[in-house]
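Read from first to last, the chains carry the letters A, B, C and D; within each, the first residue is number 1.
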Amino acid sequence: MPSARRTYTFLGPEGTFTEAALLQVPDAAESLRIPSSNVNAALDRVRDGSADAAMVPIENSVEGGVTATLDSIATGQELRIIREALVPISFVLVARAGVELSQIRRISTHGHAWAQCRLWVDEHIPGAEYIPGSSTAAAAMGLLEDDAHYDAAICAPIVAAEQPALHVLAENIGDNPGAVTRFILVSRPGILPARTGADKTTVVVPLPEDRPGALMEILDQFATRGVNLSRIESRPTGQYLGHYFFSIDADGHVGDARVADALAGLHRISPATRFLGSYGRADAQAPVVPEHTSDEAFQAAHAWVKGILAGDSLGPETLVEASPSA
Amino acid sequence: MPSARRTYTFLGPEGTFTEAALLQVPDAAESLRIPSSNVNAALDRVRDGSADAAMVPIENSVEGGVTATLDSIATGQELRIIREALVPISFVLVARAGVELSQIRRISTHGHAWAQCRLWVDEHIPGAEYIPGSSTAAAAMGLLEDDAHYDAAICAPIVAAEQPALHVLAENIGDNPGAVTRFILVSRPGILPARTGADKTTVVVPLPEDRPGALMEILDQFATRGVNLSRIESRPTGQYLGHYFFSIDADGHVGDARVADALAGLHRISPATRFLGSYGRADAQAPVVPEHTSDEAFQAAHAWVKGILAGDSLGPETLVEASPSA
Amino acid sequence: MPSARRTYTFLGPEGTFTEAALLQVPDAAESLRIPSSNVNAALDRVRDGSADAAMVPIENSVEGGVTATLDSIATGQELRIIREALVPISFVLVARAGVELSQIRRISTHGHAWAQCRLWVDEHIPGAEYIPGSSTAAAAMGLLEDDAHYDAAICAPIVAAEQPALHVLAENIGDNPGAVTRFILVSRPGILPARTGADKTTVVVPLPEDRPGALMEILDQFATRGVNLSRIESRPTGQYLGHYFFSIDADGHVGDARVADALAGLHRISPATRFLGSYGRADAQAPVVPEHTSDEAFQAAHAWVKGILAGDSLGPETLVEASPSA
Amino acid sequence: MPSARRTYTFLGPEGTFTEAALLQVPDAAESLRIPSSNVNAALDRVRDGSADAAMVPIENSVEGGVTATLDSIATGQELRIIREALVPISFVLVARAGVELSQIRRISTHGHAWAQCRLWVDEHIPGAEYIPGSSTAAAAMGLLEDDAHYDAAICAPIVAAEQPALHVLAENIGDNPGAVTRFILVSRPGILPARTGADKTTVVVPLPEDRPGALMEILDQFATRGVNLSRIESRPTGQYLGHYFFSIDADGHVGDARVADALAGLHRISPATRFLGSYGRADAQAPVVPEHTSDEAFQAAHAWVKGILAGDSLGPETLVEASPSA
């Protein structure tokens, strides 16, 4: 199918950091890119086949993606993460032409962006009132509407660059200059990216409640196989207080024996464990794998046990069979 | 081969507790029973094929079997434990006819028997001198020799019963009236007793020295799979100070998925781990197996991982393959 | 100071579930109750002394409290949790008089409330557009303004009851009928509620990064002392990707030896661990404390070690002192 | 008391490796040295005050010391290890003058020495019969008696050197040329050697039976505090099958906070834990102590918890006291 153009969706609107992340995917520039109004909508487009994949934020996002993404991929029809992307985050304060910093009383942006610019705002516009926005880009575009009930917005530099009617009052106003957001590319099951040697595996593990210490048991499944975790986040299941699932990124690929073995262990402890994909790390950093957790060690171990089970069952007449009461 | 009579050996001489243990084996009474002078000799008879199986003491023995057995089955040509037997232990003090308790100055017996009768001896024959014997039976029979340089011996009741020339001066002189010795029946590999549901698996695990905490890692292989241990004993390897192996009895059969998985884990951590057999427990006590360590849980877990690895690799044209730089 | 009336603040506006939680505090009804516009503002009022204590949501809230509260009490000037309160959560859909269900296109409420009513909305008002609100009460009150750009709001029953201009279109529209939110009463340090036997201790533990397995080490501090955890949540520190702290509720009171010992262990592993208080559980459920983690066991253990250190250092002339090269 | 000569006892007879170990103690050469016929007798001399200290083998001994020592110091009146000594072990084969290697049929020695020379004997005197001896020195001296019923003995070089009537037929006949035995100097309680920075602490821990996983709990007490173990040996308590105690050497001194804390943990889990002493390592090798298990970390942690308990209990009138139903 040489001519089939792929369809991507992303957490919109256009001009957010998420579209920047999507454009890191090799064929995204020449593919169809459909903005979705929220993470659920983006993932639903993948689920119903109207998009091939969705780019959504998963960690430390400024667009509200984190918990929405964690919860949305953890439930409903299964999905797979097939890629990750990192995007540096910086913020600008924008207003309509003619508005000056000293005139600003009410600022709109997404709640996460607001949180990341609090120090700057407290210092430069003390007493500013916060107006919640559904995204940084929406807040910025809202300034151009006639009935805008706020004076300025905090958004990504790209939005300001593309919209001449917006005036940048201040740049790099984020409290943490090295801020980065991690995004994931999500598709339907059926795609398992090849091992690169520097991979990451994401799982969702509901915390079993019938046993105390279940979280330690879960972590132990990784530790016993020498699999390091790069992210672990608790999320309420929404059923009742104290009922959690854990969203975990582990070093390695399900094609690595140590990871496959750890996953099997998780499944035993928490049978509703969900596999969300193995994919190359954006930083391409390969883990150090001790010899006793190498693929070779696992293969040798399984061959050894198989040999015991097979090789020792020889012959119809054995001492044991002669001892029926044994 | 209907007429082939089996050949058993046991830690002799005749009349020790070990022969009593051997007689618990269904066909032992009508089989050839050859006493061996020590545990090594008994096991070597199995190794070289001159005996089909050997009964030797392994735990809390009075005949010196324990460490000799642990060390002997842990090294050399591989062997298999195919059965265990428990024998209650009691001791009698014997002398030649005409010798009375008050005349006794020097007592011979095996060192373990001596240790188990110390309280009685200290009370009834204070100041008695101990003459080491190679077995309780040998000590007793030695009394009948002309040049016997001791006055009494401590041995099993059966020895006294079979030898009229020996006079029993005192019965049940052991310090611990409930003493029991555990014996094992050892054969060449090729025999794996069927699962009974109340089984025991014995392994020998050299302690790896390249990692601190290796013993906890070893124990954790069992704990992670819910496998209880009923015996754990450290033994020096004889190579240098602080170099150990552990002899371990675990609940369950290598045919149980949780035990097989634990063994595979041990093999990874300590590749020289030796499997010494799975066999029915003498007390026929079945373990309680939590659901998440049942065979079903292991099978479901492995099927799930297999499904991920198989089902997700579909199709020649995927998003991932379209992204060579991913 | 008999006449000093206490000042409480709470996450406002009036009429939210948080005020209901505050009214569970014995003297709150006759005290001054000041609504704060957000969690940070409420806690800052406690920090600067303008309020004696603040009631804020901490878990599974509908008012956006969770992460705001977790992050706000984890940093800045130290605070103490001195009480918890549980409030059942239910939602109503309100509109101005004359507006019917079939006319509703745009609905405003807080994001958490929206998330908890999605199933009902999807079924009864398919295609409804969501307008973010800063709180459920604010969204409801906003309906009464002239320029309201939405048709209905989701809020607590209490808001509708107190505002006759609001018309209830549907009751109990939450997807989870048993929903409960947990609130905490926060004061300045200097107050440690007495042990009740059914207590909870809250700590914030930054995850040390210099050691793999640090999270297991942290959990192990509790497990080793038989202290169960009733809540564990990860939060990004905001410094960079993958840098977390954990907010943990543990069974027991810092006055319990096992809890004090666990806290000391946490402090060693993660010296920036923050103690947020010990206080009675709202459900008054006392934990079962195994003998070996009882106060008596800890006291006996410490007395034993002290005895070794003290009692064994006797005398100026010892064998050891005579052996300078030892 | 300048003239008080000290009295030492040791596992005799004279000329064994144990006396060589004793002579490593600075004042042993000019002190009274009394041989004891067995380990129990040596330790009883210390207990009853007839000796100040006893030198006995504890690990990998050739004189039967190991289990006798482990068991003897683990029970009865308390004792303290105050020093350790290492002695290289080598063996010679001796006979009366005129006897040649080819004439030897029966060899006597201690059982442990026999075990360590098996390979040499099997190669050079195949078929030799073993006659148990109570010690290597006793076996050698027995050759000089008229009624000696064996032809040769295996003993330490020192015995042959001191007894001209014994003829050395072969030297260095041990299977392991680097063999070393570790000895301990045991006194009554009341002596705690000062910290050297390279210390060892010995404890005896009965395995509690009321909880599965107790051994892991015990090991975890050390692991949690970063205390390495250099020796761990299981011993039956003698009460019934499967009832063990563990004899453990840990790096560090009870005066080290991490060791004291681990001991307190052991005491909670197994209240009959016995402290057998802290003393300098023979190899003077100091452990690496991570910062979070340093004395400073423990002191800071305890001060922090103390501060919480003390500083937070201020004032008679608190919010909490005002809330009796809290």
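Basically, a residue touches a chain if its C-beta (ideal position, glycine included) is under 8 Å from a C-beta of that chain, and two chains touch if they have at least 3 such contacts.
Which chain is which protein? Per UniProt: A, B, C, D = Prephenate dehydratase.
These numbers were taken from a predicted model, which means no experiment stands behind them.
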| item | value |
| --- | --- |
| Chain labels contacting chain B and also chain D | none |
| Whole-Å gap separating chain A and chain C, where each centre is the average of the chain's CA atoms | 26 |
| Distance between chain centroids, defined by C-alpha means - chain A, chain B (Å) | 53 |
| Centre-of-Cα separation between chain C and chain B, whole angstrom | 56 |
| Of all residues in chain C, the ones touching two or more other chains | 220 |
| Which pairs of chains touch, using the document's own definition | A-B, A-C, B-D, C-D |
| In the complex, chain A residues that touch chain B | 1, 6, 25-27, 52-53, 80, 82-83, 185, 187, 189-194, 208, 217, 220-221, 224, 254-255, 260, 263-265, 267-269, 271, 275, 279-280, 292-293, 297-298, 300-302, 304-305, 308-309, 311-315, 317-320, 322-326 |
| In the complex with chain B, residue positions of chain D that touch it | 59-60, 86, 111, 116, 130, 132-134, 147, 149, 175-176, 178, 180, 182, 212-213, 215-216, 219-220, 223, 228-234, 236, 238-242, 244 |
